[in-house]
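Note that the chains are named A, B, C and D in the order they appear, and that numbering of residues resets to 1 at the start of each chain.
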Amino acid sequence: MGAIEEFQNVLANRHQYAKDWKERTGGKAIGGLCTYVPNEIIYAAGMLPVRILGSHEVQDITDRYLFPTVCPFCRDTLAQGLKGRYDFLDGIVMGRTCMHIQGTYDNWRNYIPTPFKKYIWMPGHVWSSSAKSCLAGEYKDFVKDLEEFFGIKITNEALDEAIDLYNTQRQLQREVYEYRKQEEPPITGAEAMEMVIAGQLMDVKEHIKFLKQLLEELPDRQLDREVGIRLMMVGSEMTDVEFVRKVEELNCTFVIDEHCSGSRVFWDDVVPQDDRVAAIADRYIDRWPCPAIGGAPGVRFKRILEFAKQWDVQGVLLYQQKWCDPHEFDIPPLTQMFKEHDIPTLTLEFDVTVPFGQFRTRIEAFIEMAELEVL
Amino acid sequence: MKKGSKMTTEYYRWTEYTWVNPDVDWRKADTVTCGIDVGSVSSQAVVLANSDIFCYSNTRTGSNSPDSAHNALNLALKDTDLKQEDIQFIVGTGYGRVNIPMAKKAITEIACHARGANYMGGPSIKTILDMGGQDLKGIHCDERGKVTQFLMNDKCAAGTGRGMEVMAELLQVPIVDVGQMSLDVAEEPPPVSSTCVIFAKSEAIGLLRSGWTKNMVLAAYCAAMAHRVVGLLERIGIEKDFTITGGISKNIGVTSRILKELGIDDPVPLKPDAQIAGALGASVFARDLLLKSRK
Amino acid sequence: MITAGIDMGAQAIKVVLIDGDKVLARTMEWTGFEPVETAQKALNKAIEEAGIKRDDVKKIVATGAGRKSVPFADTTVTEVTADAKGTIFLMPSVRTVIDIGAEEARGISCDDTGRVLDFAKNDKCAAGSGAFVESMARALEIKVPQMIELSLQSTQDAPINATCAVFAESEVVSLIHSGIAKADIAHAVHDAIGSRVSSMVRRLQIDQDIALIGGVANNAALLDIMKKHLGSDIKVPENPQFISALGAALSAASK
Amino acid sequence: MTTSAKYKTKPLDCWQWGKELRLEAYQEMVTGHEQGKSLILGCAATPYGMLAGLGDFVFLAGEPYGASVAADPPFSIPCMEEFESKGYSRDMCGYMRNFLGSMYLDKYYFTGGSFPKFDFAWSVRHCPAGHPKWHQIVSEFQNIPMNYIDDESMLAEGGDDEHRIDYIAQQYMESLEWMEKVTGRKYDDEKGIEAMRNYFRNEALWGEICLLNGAIPAPLDIKSMFALMPISMLRRHEEVATRFLTALRDELKDRIANQIAAVPNERYRMCMLTPPPWSFLKIFRYLENFGVVFVGTYVYLINSGEVKFRYDKNDVIPATVPEERPGWPQMKTREDLCRTVARWRYEHPFQSHLDKRKQEYIIIYNHWQANAYLLLLNRGCVPMTTSMYDFQRHMQQHGIPVSMFEGNFADCRDIDETGVLDRLEAFLEGQGIGKITEPI
């Protein structure tokens, strides 16, 4: 079976995968909300870090918990918990970012039975000189809590191994992204997404194994399809693979992304230092930030533009999870930035489910703008 | 539960029509192409002989696209000796474009409206407002009618043809009279606070009960609609020249108010018919594609 | 004491005449554009039907959206209170009342005397209302009764993602265009309302009997879906569209 | 027929003085610059007393400005439409849309003249992303420096607080150095400390004033509170505010002693958690016809005011100022100042821990001897709505009647006024409260 199929299997049976993993290893599974949860530490504790994601199904179960103006991603994730789909979790960890996801965590800790709960007070002012020591303090508390609650010990050796594994995973995923620069990328946007999302659900060792396999397959992987227009995907959370697959049927290919379930998750490495936890904390402070980390967008915008150029994109899909104010703030200036560089943008507003029929016209028209063939 | 319970006449319905160009003989033409626009509310078919309009039709969309496409085309050909098989290339557009069996290619109404407006209004047109059955589109294009930027209304049919139909039905006013009636008011009433079809409806009922005339209600509704449209246009920015396509372009009550808010007194008129812009554009594309395929 | 309750609905005006706990007459008229005249007409009809004289009616209580506009009413009461009173009178075991009207839906929890303890409304959105069904029927080019029949024959789920009635209408159109069976669309429409209303109702404490009232209560398809969503049986009184008026007439006695 | 208890009533003696102080503050925002004072943008929760170290200044808080604009729809709607025409969404913070729209239109609400140009922006990240990003738009548009403090503790629990307080204190230290850099002025620690002492004192005074409304009849109603609050909101750092608030407090005590009511027919007491819909204040006047008096809102008890909740005793008492608390140092140096402010902010932030807040809502409800809560589901204010259903459940579990409506504190287009009044009337009927029919 090809590596991509392996990833697709994990996605299709994500909950079963985690249950089997626990069965197999006798280890615990810890769910994470948001990308500021240090998987390195959880893995060093001998546990499986699982990113909690939505399922993109129509639901109303959250309506008595969250005001409907909480972003769809946060409602969708909470719905999964309320439906008992994450009942295999031994704990849940939240990395403080925006109010919406805090609402998800707040209701989760109150209404979904979960043995271990941890709220990591992620500093929101990452440019302050004391941010790193603060987050290191948070992560050390986290280590302590894990050790006390589960009666384990997180050793430096384990931390070193975890740091090394996650750096490798990041390195290999960046190598895969390199292939997407090619004129005819050997991997579609949907497939790349499946790879990255799977990496947030499965055992990092296993993920690395398949990443290596994929890197062997890519050089002579042939896709029987038109590349069409080269697109970039920019926004908050994006795990709706089906949507991306449908879009890529409209004569276009996503060749790069910047969002919190894509490149933003894995791009930056941990730089080893004696204090392992501090080293991990530094990584999460130095990584390029989520827009909810207020102030100065410079960092993020700069990298988005670099990506667009390096991957030679002809258009950018800016998608907005309805009500997600941190990203709403960035969309007008981002649109402006791309305009100045003659890169057309299309903004779509997402809800828990996507009315593809409605979006189709916009996406096709957007692609037609770039297709000279039509005129 | 009888009397007045259900209205007998369907006031929202407008009459379907067709037009044939007497000065064009399709048999002499090198290319005969057609564009079919199956919109959410209305469908049009336009046949080009070379680059001249030979005939067109404007019909109501049924609940299934293939039939609507057939109706539109058959009506367009009704008073001609042109048969469907004589048409060399057909492009489908509009809401139902993917379900138009006779079309060789589907192109979005956004590209088609720009191209159609460019055909009818000339290369100077830069900004197009398309007010259709459920969609509002602000479109920027270049002198060849190629789209450079566009914006659509989000998740709401407020300020669209459907909304206007609901009003016409509620007030029991023939849809074609709505625009003129809305202008026959002593003074402009404050706009209704909601353009959402459902709420505007209940608001309108309230206004009528409080003694407003139908004209005043229509004026208030057209004004609110115009205001919403202008809001959309401001987000995309307006360049000279400006024109309006789509069904509502025929509602002077809305268009005149839009132009007033925008401070535009000389919009480019679209001859012969602003409502066929989409189908016409599709037909022009069909011709391009046909010529291209011959090379 | 003979009292009258007048429900000044957006679509229809209903009148109920009672004598103590005995219902003497029920009448209903389409509201039209002169609601006060219509109300007067409906009242006179009821008096006629009951075979009594105007002076026999000791107290008139108006409820509904237009309740404040009835000059000949002695006092008014809100629909919420009227709904609870009327329902408990007919079905004492009910503690949760759901009223789906033309333009608004309500969930009410009350005690055994019909006193309102808590309630939820979605008056800001038409998506959970009778008007929603009607506009969707229009999009499907069928009449409401037909739509109900179709819905009950549905075999496939075709979820409507839209939360806004108007937007849902365009979604229905695109479902039609993509060749989904009308029956399944009809079902999806009812499901959309059902899930909106029931999720609103679930914000209340529901532990005992539930009743569905209002004109839409006669919609078998919706009732069916509401039962599924609330995972419970739902009682429907006779003449569900008259409950508010009945409640108003009853409150006249106590007021 | 329900009869209403009748109380004496009379206007506040210090009403006029309060009005003058308020207008002065608004005036200063216009004239301040000419008087050589620096004009600084922040938000309601910024401990702006610290700015005094830079010399004379005028402080404009974004939220109260947005509220003033929102209260005037003819001015507000064009502002919001201007903001939206820039491509921003209508569901964002209403205060912000009014503020930024008025900036883009270059129309300043209080004068109709052009919008003030700030020297710099200094905000607090009390609603993650919100305010720093709001100020970011201002700083890019006006080309002025901006900085912010991140200190909201929200759900922080367990673990060691010290590294969090260190982090916050360090941000204040860096902020002050940054201010010296961008203004070229020397920061005077003495002045900063003095102003923050006033700031703490006035917060405690305003908190105490809010608590006095626990008396029956209530000596102050919510409308007067909203009118007087700007003094504690905008002039917290000034000594004159201390004098005024002391006078107000003493007058209220006097009213209580003499049973002087704000609303003569008071018979049903309600309280809120959030600001009101500013374009819809008539809601309170309307409810007076039912004998309903609004005795307070939680948000202005803890923001621009401070009280001490005693969770173990389940009660609330006036707050003392930090320096008088056991274990808190006297402020002598800049380090003391920053550390004290940091710890104070961390221990009583705008968004304190949700579990604590739940308990506080019950405590203040009981203290105010209220009969019900009125909750506003505030579109476009995430921090104030996210957990609202949870709060409602918690209140109802404590037997508190709750009425809730959806609207917007700063966007009149989001409020269905008749719908809301209808809803409240129905709620009150359930509570056995009808309109008071005999003349008041």
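Criterion: a contact is a pair of C-beta atoms (placed from the backbone, for glycine too) under 8 Å apart; a residue touches a chain by one contact, two chains touch by 3 or more.
None of these values were measured; they are calculated from a predicted model.
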Looking at C-alpha means, what's the farthest chain from subunit C?
A
Chain pair with more C-beta contacts, B-D versus A-C
A-C
Subunit A-subunit B separation of Cα centroids, rounded to whole Å:
42
Between subunit B and subunit D, tell me the centre distance in angstrom, where each centre is the average of that chain's C-alpha atoms.
50
How far is the middle of subunit B from the middle of subunit C, if each middle is the mean of its Cα atoms, in Å?
38
Overlap residues in subunit C, where contacts from two or more other chains coincide:
162, 170, 174, 177-178, 203
Scan subunit B for residues touching two or more other chains and write them down.
95, 155
At which residue positions does subunit A touch at least two other chains?
64, 358
Residue positions on subunit A within touch of subunit B in the complex are 344, 349, 358, 361-362, 364-365, 368-369, 374-375
Subunit D contact footprint on subunit A (complex, rising order)
64-67, 69-70, 94, 96-100, 102-103, 105-107, 110, 119, 121, 123-125, 128-131, 133-134, 136-138, 141, 145, 291-297, 320, 322-323, 325-326, 328-329, 331-333, 335
Show me the residue ranges of subunit D that touch subunit B in the complex, using the header's touch definition.
81, 84-87, 413
If you look only at subunit D, which of its residues touch subunit A in the complex?
86-89, 91-93, 125, 127-133, 136-137, 140, 146, 148-150, 152-160, 162-164, 166-167, 170-171, 174, 354, 377, 379-380, 382-383, 385-390
Residue positions on subunit C within touch of subunit B in the complex are 10, 12, 28, 30, 32-35, 66, 69, 103, 126, 131-132, 135, 140-141, 162, 164-167, 169-170, 173-174, 176-179, 182
